[in-house]
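Presented sequentially are two complexes of subunit A, the first with subunit B as partner and the second with subunit C.
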Partner chain A sequence: MPNLLWKEWHEQSWKLGFGCVVLGALALIGLHSRIVADETMMMWVSFLGLTMLPVLSSTGLVPAERGEGSLESLLALPVKPSRILAAKTAMGIALCVGPMLVAAVVSLLAAGGREKPDSAIIAFYASSTVATLSLFIWMLALTIQLPSEARSALLGVGLLVFWMLATAALAFPPSVPRLALAISPFALVYGTAQQAVEGQSAPLPVPLVLAVQVGIALALWIWASKRLSNLEGQT
Partner chain B sequence: MKQLTALVWKEWREDRAFLWIALGVFVGLPIVGGLEEIVQYSYRFEISASPWVLGFGGVLAVFVAVGATCRDFSGHLEDFWRSQPVGITRWLLAKYLVGLAIVLVACVLPLAIEVSIDRDKSAILLIAWFPFLWAALYGIGFLAGCLVRRTSHAAMLALAAMLLVYFLPVVIPPLQWLNVGAVTDFSILLGQWPRVLGPAQLAFAAGMLGLAITVLALALLAVHFDWRIGSGRKMMYASISAAILILFASAAFQLGTNMPILRQIDMPKGEPIWWIRCNGNDGYVISPRPDSTYLESTFNLRTIKLTESGIELGSPVRVSPQLLWGWYLEHAPGHPNTVYRVTETDKDETGTLWLNVAQLDKGTDKPAIRLGEYEQYSPNASWPHLYASGDRLYVIGARLMTLDISKPLTPHVISNVPFGYSYDDRGFAFGNDTFTEILPPVPNLSQRQRLQAVIKPFCFEGDILCEWPWRGNTAIAYRLTQLTDTKAVFKTIGQYKPTLLEEIFGASNRLNMELQNGLLYVSQYPGNTENPHIDVFDTRGPHPLRLIGHFAAPGVRTVCPLPDGRALVGGDKLWLVGPPPHKGRD
Partner chain C sequence: MSETPVIQLQGVRKSFGRNEVLKGLDLSVPPGQTVAFLGRNGAGKTTTIRMLLGLLKSDAGEVRVLGLDPQKNPMEVRRRVGYVAEDQTMFGWMRVGQLLSFIAPFYPTWDREWARQLSDRFELPLKTRVRHLSKGQSVRVALLLALAHRPELVILDDPTLGLDPIMRKEFLRDLVTHLQGERVSVFFSSHLLYEIEPVADSVVILDHGRVVRQAATDELRSAVRRLVTPLEAQTVLRTLPGVLDFARLGRQAIVVVEDIAAARPILAAANVTAQEIELNLDEIFEAYVIGRKEGADAEPALERVA
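Entry: the complex of A and B
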């Protein structure tokens, strides 16, 4: 397992640096100059993270290996596919969490307590990170059998758009049961905060949303692991 | 010559697909749109090609250039061409010129059709000056293709560079002469021809031409010396994100907040500030009440007091929404919490106008004097205006009522005579070069007081008047050039149109304007999540309406400049901010 993690780190660490630099620089420039209100700036940073990081991380793990022809060699190793996927998932999580963490720290240092209290900034980035991770797991599971990075990126963008539209549709009770919003990766960002602020409806309970999201992520991961095992059989 | 003809023929055969596709988009789609307009609205047939050409002309230039270069630099094709008995420079120039001709024809032809058919002739500016921009962008794509030699990577790099060409001149003041916005003017009236030739246009053309020649020379050198850039994913990610960060950093440098927060206090939850009035020490703020709805707007007024240690906020009293519209009110001189306003009751069919006296700090607002029937007072449906001076209050409209307000809470009528003044007769600025304001002949008021009585909807201080008409989204400053007993004449001295960048960052929906100490404060409220902020313009100096200040904060809706240079800004909080640091420079 450490060897698998080292391999992933060796291949993907530049993306981690890239994500950290982009999100950190954006937050630093925007919050230092106060070009917009702090809340708006953090929303922009988190939106960029939400859209960029899951696509960037999920496409570079399995589809890139298939595109380069190295997945067969990897699956031929005397290691269970689930362990390979676990290593890749750990790296993907790092790719999603790292830049959001950097953005949160930069935001706290540049604007902590200025317009929003520190606790609100931390909660905001934490919920955005959960949404990023949820989207990453969705993309990882759905793109695992695609033959190239480009195709998986397209599918990832499509999935992103789908969940944005679906979240908008799920967020309008009474046509949809309120709890249905909990299945959306954006539930923590939208369902528990924004609508409550706008006074449209009561916020979803955070533990419930987290439980639903963890359940969905586990199910997707197990499904992805099986699909990878099937690939091993095909090779 | 024969060689050159063959090369041109070959390039034409390979590039012409771009021309057909571009004409399909730039001419075909606008024709469909024009036909749809006829069917839906029965307008005359017009085609609107310029939005398509403006949006995608640069992209087309990049694609044609990258396609032309990378096609012949892939694999062994380059060796083949280098082995041919034709100079590499001649071969490249043929490639360059044919591709450029295709780009220019694809972009200019649709615009020429638009100018010949449409009543709006502003596209003539694009025909005259944008070919220089497209040539520069085409050259950048050509250089990227020669250096990178991988189609997708070269295209992405060239598109990133295109972003810089479009936006760096917008955000970096020394480069503003290269701004594409300097050569366009979409505010001209239908049927009018814009002014095509001017110093700004010539400077833009010279700059773009210089850029085009430079990148062409670099491309020729790159091929001659076989310079290459080994591109990969890392370089792509790095170059594109670097371009975006450079743009954002430049925008932040230009539009960043530069007014320091001196004091701030939180407002109760759900009560953002919509209106502020303060004389430097005392005043009040008005906020919607938490129980306010779209159907029934209710508001709270709280007094404020500026002290050495901070801002003191008083208890809320419920007030009428009409107190938000400052030009219908008049404060009793020396009594900031006593306000007169005209109201209408419709208990009978005709409607009756009343003069109300409101005590803001106590929340009282009662009819005090019956002015008359609405039809009698305002035959043209224009509301009478109030003007207070000393111990007199004038109600100016179809009748002139003069009241004694030596006891502010109990005004009494001194005279009430037919007057015949209608605010419909006034001149309105609306972006004209000059405009004339007809003054009401109110006895005992000086010329300037008469002007102040009718100029309330505008920002007016000293001899400067400012407005920001919705049409054209442009702030305009006027100077008072003539003042007599009967009229005041104003002449335009400066204007400011927000740049594309500023519009992206929220300069699209102004709410409130105030002029104080020669500085124009404008609150822009495009929505809570779309950067509500304050812009400050200097109306003095040789170039009036120079943007010198910016303050962005949550929910900012209104601003009240104070006599000492500081300002109160209202939004989700109440901020006391310092003056912009560059005040007075030019």
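Entry: the complex of A and C
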């Protein structure tokens, strides 16, 4: 396992640096210049992270390696596919959490307590990070058999748009039970935004949303690990 | 060492969608032998090899490697088998030394001293990135990775693909040199028969998903013959058992038979004098996979040079 993590780190660490620099710089410049309200700027930073990080991480981990042909070399080693995927997932989580953490720290340093209390900033970035991780797992699972980064990026963007629309659909019609919103990766972000903008209470309890999201992530991951070693399409 | 076959396949079938790649494959590889697994591109060689490593599941039939089912014990099989894939792609950013350090922990039997010796003998540049290696060096790295954990069975899937003839010879020399006396079984897939003729103890010929012949190399060379007779004898030629190829060339009829010992009495009884020509393995392989086998009851539509 340590050597698998070492490999993933060497292959993906530049993306971690890239994500940290982009989100950190945007937060710093945007909050320092005060061209818009702090809350709006943090939403922009968060939206950029939400859209960029899951696609950036999920496409590079499996589809890129499948496309290059090195995945077969990895799968032919005496190591369980679930371990290979665990190392890749750990790196993907780092890719999603790292830049969000940097953005949160920069935001706290640049604008903590200015327009929003620190706790609200932390809650906002925490909910965005959960959404980013959830989207990453969805993309990892759905793109695991694709043989190129380009195709998986397209699917990733499609998935992002799907969940945005689905969240809107689940949130607004009164006929849909509120509980259904918990399945959306954006459930916590929606709740935080609603609290911030409209001063309402969160539509769903946070522990419930987290439990549902973790359950979905685990199911998707197990499904993905079973499909990782599938070479049926590569004859 | 037990005489249990290192590879045993019985009635193995595999389809991809509607394309049936393996149609009831039977083969057996005894321990300590170098077996050439021959077939044209698309014959099912790579599919078979992926099944041996547990990378693909058969639709039907039984697969055993070193007595184990690769689907049920893939880790154990892969620990005991050395594998070089067709056009193997490794991690281009790694230096050769890093690649060896990355792979070694996966194998409990990895022999560092043996790996160092092989790397010296293959003259591998340990500080060079894998992506900067020549094709010949890449294949040698793959061979080193397949041998350094001292496997009981080495599976090579067309490893010399893309190498020039001299490099192919060097690769085979390396392979033979380093496995001599080790009693390691080698299962070597190729479509270039002449290159493995000198090293193969036996040959398995795969065609359209079936094994059409498995025999010791010497036995195959002595059994398969080309017969040249006057055209008038073609009726008799078509009654011969095991006709692999039938052709007419001017006033001559030419057949390739897979068992000359069975053909001789029939020719003698019919009072046909035939010129017997020995074939090399390349020609034998060609007769099996592209020969006209309808000789017994069909008139050849076209005259062809055998």
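Keep in mind that, in the parts below, the second predicted complex is superposed on the first by the 218 of 235 C-alpha atoms of A that agree within 3 Å, B and C clash if a C-alpha of one lies under 4 Å from a C-alpha of the other, contacts with A are read in each partner's own complex, and residues count from 1 in each chain.
Please note the rule applied: a contact is a pair of C-beta atoms (placed from the backbone, for glycine too) under 8 Å apart; a residue touches a chain by one contact, two chains touch by 3 or more.
All values reported here derive from a predicted model rather than from experimental measurement.
A.B. asks: Contacts for A:115 in the overlay, against subunit B (first) and subunit C (second): which applies, first, second, both or neither?
C.D. replies: In the superposition, A:115 contacts subunit B only.
A.B. asks: Looking at the overlay, what does A:11 touch: subunit B (first), subunit C (second), both, or neither?
C.D. replies: Touch partner of A:11: subunit C, not subunit B.
A.B. asks: Figure out whether A:33 sits in contact with subunit B (first) or subunit C (second), or with both, or with neither.
C.D. replies: After superposing on A, A:33 lies in contact with subunit B but is clear of subunit C.
A.B. asks: Is A:69 contacted by the first partner subunit B, the second partner subunit C, both or neither?
C.D. replies: second
A.B. asks: Looking at A:43 after the superposition, I want to know if it touches subunit B, subunit C, both of them or none. Which is it: first, second, both, neither?
C.D. replies: In the superposed model, A:43 contacts subunit B only, not subunit C.
A.B. asks: Enumerate the contact residues on subunit B facing subunit A in the complex.
C.D. replies: 234, 237-238, 241, 245, 248-249, 251-253, 255-257, 270, 505-506, 529-533, 550-556
A.B. asks: For a test of understanding, state which residues of subunit A touch subunit B in their complex under the given definition.
C.D. replies: Going through subunit A, the ones touching subunit B are 14, 18, 21-22, 25-26, 29-30, 32-40, 43, 115, 199.
A.B. asks: Can you check the complex and tell me which residues of subunit A touch subunit C?
C.D. replies: The contact residues of subunit A facing subunit C are 2-3, 6-7, 10-11, 68-70, 72-73, 75-80, 229, 231-233, 235.
A.B. asks: So in the complex, the part of subunit C that touches subunit A is made up of which residues?
C.D. replies: 16, 21, 46-47, 50, 53, 55-56, 74-76, 78-79, 83, 85, 87-94, 101-103, 105-107
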